[in-house]
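Since the structure comes first, as structure tokens, the remarks are kept for the end.
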């Protein structure tokens, strides 16, 4: 089985990617503005709900319960969806999922597909696979359209084109849509997208979507969106293919009452997003005549088997953790080298891919806990990050110099005598670097500190030395 | 036969390590302390719905039952329109004289695209979130009918308005298997510099008549 | 009461004045303070960086040193968070029920310094005098793990002569994050520049916090910039006397 998470296996490690992006002032400015806006909106609509914490707890419990009995709920979904005229396929990994999609499209002799935003398709590299098979995919979410036409990569789960400003977008649209003139107000750009995409919606016969939620007892699928392109894609074409990660399952239709409150408020800071589409199988005279669901594993069952970090799969892809994260705020999403960025990306990507790749991601955090605070399904991201760091170290993948230093430090800290000796050693070792109680430059890796900060020199007397002398009566 | 389905299910069973027998009792034991019942009376509920719809930039007109016909007429005239599409099951008593209403009997997408707009009722409305729920196909017609035209006039009756999302979902669960669309304001995007722009796809203008 | 001080490895080495301040404040309030010289480190740096195995002997040592202490006072919220959030898990992972027992008995007796004063001793005025403008950086562990709430603010308001100025975007992480400051030095610096900007915007002379880890990081940047603002642990402010002296 070959699990793939976009291009994560080939991405540069986080510190290097971040260093490069930190120099992009436009990006940093955009990200800061955008996250400020969404944070404020989210805080406002969350404050309105006196039962927000109860909803979070219910969300967590429902997700954990579903994952504990995922086999049952997947089979229940399959039965109900099939009874309603849908077809359910199972894909173990990215290649298998892509193959199924391509076969279904080729069976119709179609050469074009319209797509609704789905990170799952980015995860498996669907677009590249389609193009290699001679099928042209058209992204229809405005941001994904911007990213696709700009031949770029998404930088945020919910607002993928966050890193682009309107002038850049105008440039991209004029070039790729063949427009000789175009205003630069957001309204002008949106109108251009509307016209460009409407032509496709009314003509293309196959659509591909993801799903925000899949309901086991009724076999229903729910898409949560703002723009209306989702509605277009799931109701206009003749065939609809929906990719669903197996963790998207919820047990009952009634459970939507929890997630349709948690998701819009967390993702876009709205009481409810403009459009939700809920459908079951096929409906005569309304929408696609053929409906296919592909249930995707692609590493999820590995995450499921890790009790410590299984909660990672609670994720409903709201993006609130990205908006809350002080690290993401500085770097934007590309630094994570994965379709899944930010705090959730830092724990999901290495777990899906297995730890050979994306090892730097668990360290892309100061463990501040802001993500855990806002997560609508209470994923304890800092805890899982520490767990994954433990795995990196235990596999022997930590840098040699770091391991040596940490082992030496652990040795020194185990016994008070050794500790005092180490403190004395530090006082001696700092002599070449210390002046007036301050160290301004350190060599090697520690130079990262002194590049931008002074370092307090080790005082002549430690606390324990002071205490000892005090006890001996040398001090009042 | 070791198909993908079998392999995935096996991996799940090996991974989860939980007992199938515990599923139902676990499910019943899940802690649900969030609000599920209403606290507002009818008037407050209706006012809240109107308030939320206004927040989204939808126009809301209120009328009493006998005045519905007239209200429909004045709203359509106010938008300088003369002809709207309607779903086949729309009550004919809602339709005022002086306008053309074309029922959706196998309209093409082009015909929908060329129309001046669509008039429907709704299945229910949720006050807290300002949400209108459409039930397809009987009721509000097929999905494309309220999607392709650029203008949507929606009739909401007072007794269709619930307060909370859980109440709304309970109502929606009764419509077994039919497609449902929830609408909370006109379509919008904030993808361009976080500036909210309304009207991407879907009807750019939504008018609501609330009938009491 | 007899308060047993866990100074923490980095305070002991780099910020002994914070320890002296804690002793002074507690003695001023009439409590006796002991310092068990066998103490070393809670294991946080190792545990958080992924060196879980190396952290275990450090935990055992901590448990042994403090097992019969009545009250343990720790002037570092990140170390308290380490003990509260992770010791049980570490003990469970070791499978040793005696150790789990030790941890469970220990936890109710562990207090961060501001928690000790406000929650245990019900004191917010410790007789301090500190005529300076001060802003408070609420460290992430104190804010989100310990949820100290407004305890530090209550204590600062009890200081005569002190003017407290609210810090904008206070809840934003300063970027220290332990080994994060080394392993992701550039991002840490970027986060730090936002934090120092907010601190300088207050016009305060002093930035205080419950953790010298954050203050070392913030203070290092302020010192490098010659910004005219310095950092001081909350304990050292509370220890200041009528003469306005700091240790």
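To keep things simple, chains are lettered A, B and C as they appear, and every chain counts its residues starting from 1.
In the analysis below, a contact is a pair of C-beta atoms (placed from the backbone, for glycine too) under 8 Å apart; a residue touches a chain by one contact, two chains touch by 3 or more.
Since this is a predicted model, take the numbers as computed values, not measurements.
Q: By the document's touch definition, which label belongs to this structure's chain graph: line, ring, star, complete, or other?
A: Shape of the chain contacts: a line, open at both ends.
Q: Going by C-alpha centres, which chain is most central here?
A: Chain nearest the centroid of all protein C-alpha atoms: A.
Q: Please tell me the distance, in whole Å, between the geometric centres of chain A and chain C computed from their C-alpha atoms.
A: 32
Q: Take the average of all CA coordinates in chain A, do the same for chain B, and state the distance between these two points in whole angstrom.
A: 30
Q: Whole-Å distance, chain B centre to chain C centre, using C-alpha means?
A: Here the centre of chain C sits 53 Å away from the centre of chain B.
Q: Under the definition above, what is the set of chain B residues touching chain A in their complex?
A: Listed in rising order, the residues of chain B that touch chain A are 3-5, 7-9, 11-16, 18, 20, 23, 26-27, 30-36, 52, 56, 109-110, 113, 126, 128-131, 136-137, 142-144, 147-148, 165-166, 168-170, 172-173, 176-195, 197, 199-202.
Q: Using the touch rule from the top, collect the residues of chain A that touch chain C in their complex.
A: The contact residues of chain A facing chain C are 14-15, 18-19, 22, 28, 326-327, 329-331, 362-370, 372-373, 383, 386, 388-394, 398, 402, 406-407, 409-410, 413-416, 419, 423, 426, 438, 440, 445-446, 448-449, 451-456, 458-459, 461-468.
Q: Under the touch definition given earlier, write down the residues of chain C that touch chain A in their complex.
A: Checking each residue of chain C against chain A gives 7, 9, 11-16, 19-20, 23, 35, 37-41, 43, 45-55, 57-58, 61, 85-86, 140-141, 144-145, 171-173, 175-192, 194, 216-217, 219-221, 223-224.
Q: Considering only the defined contacts, which chain A positions touch chain B in the complex?
A: It is residues 30, 33-34, 37-38, 50-51, 54-55, 57-58, 61-62, 65, 67-72, 74-75, 84, 89-92, 96, 140-143, 146, 159-161, 165-166, 169, 186-187, 189-190, 193-194, 197-198, 201-202, 218, 220, 226-229, 231-232, 234-236, 246, 251, 253-254, 256-258, 260-261, 268, 270-281, 283, 285-287, 295, 297, 301-302, 304-305 of chain A that touch chain B.
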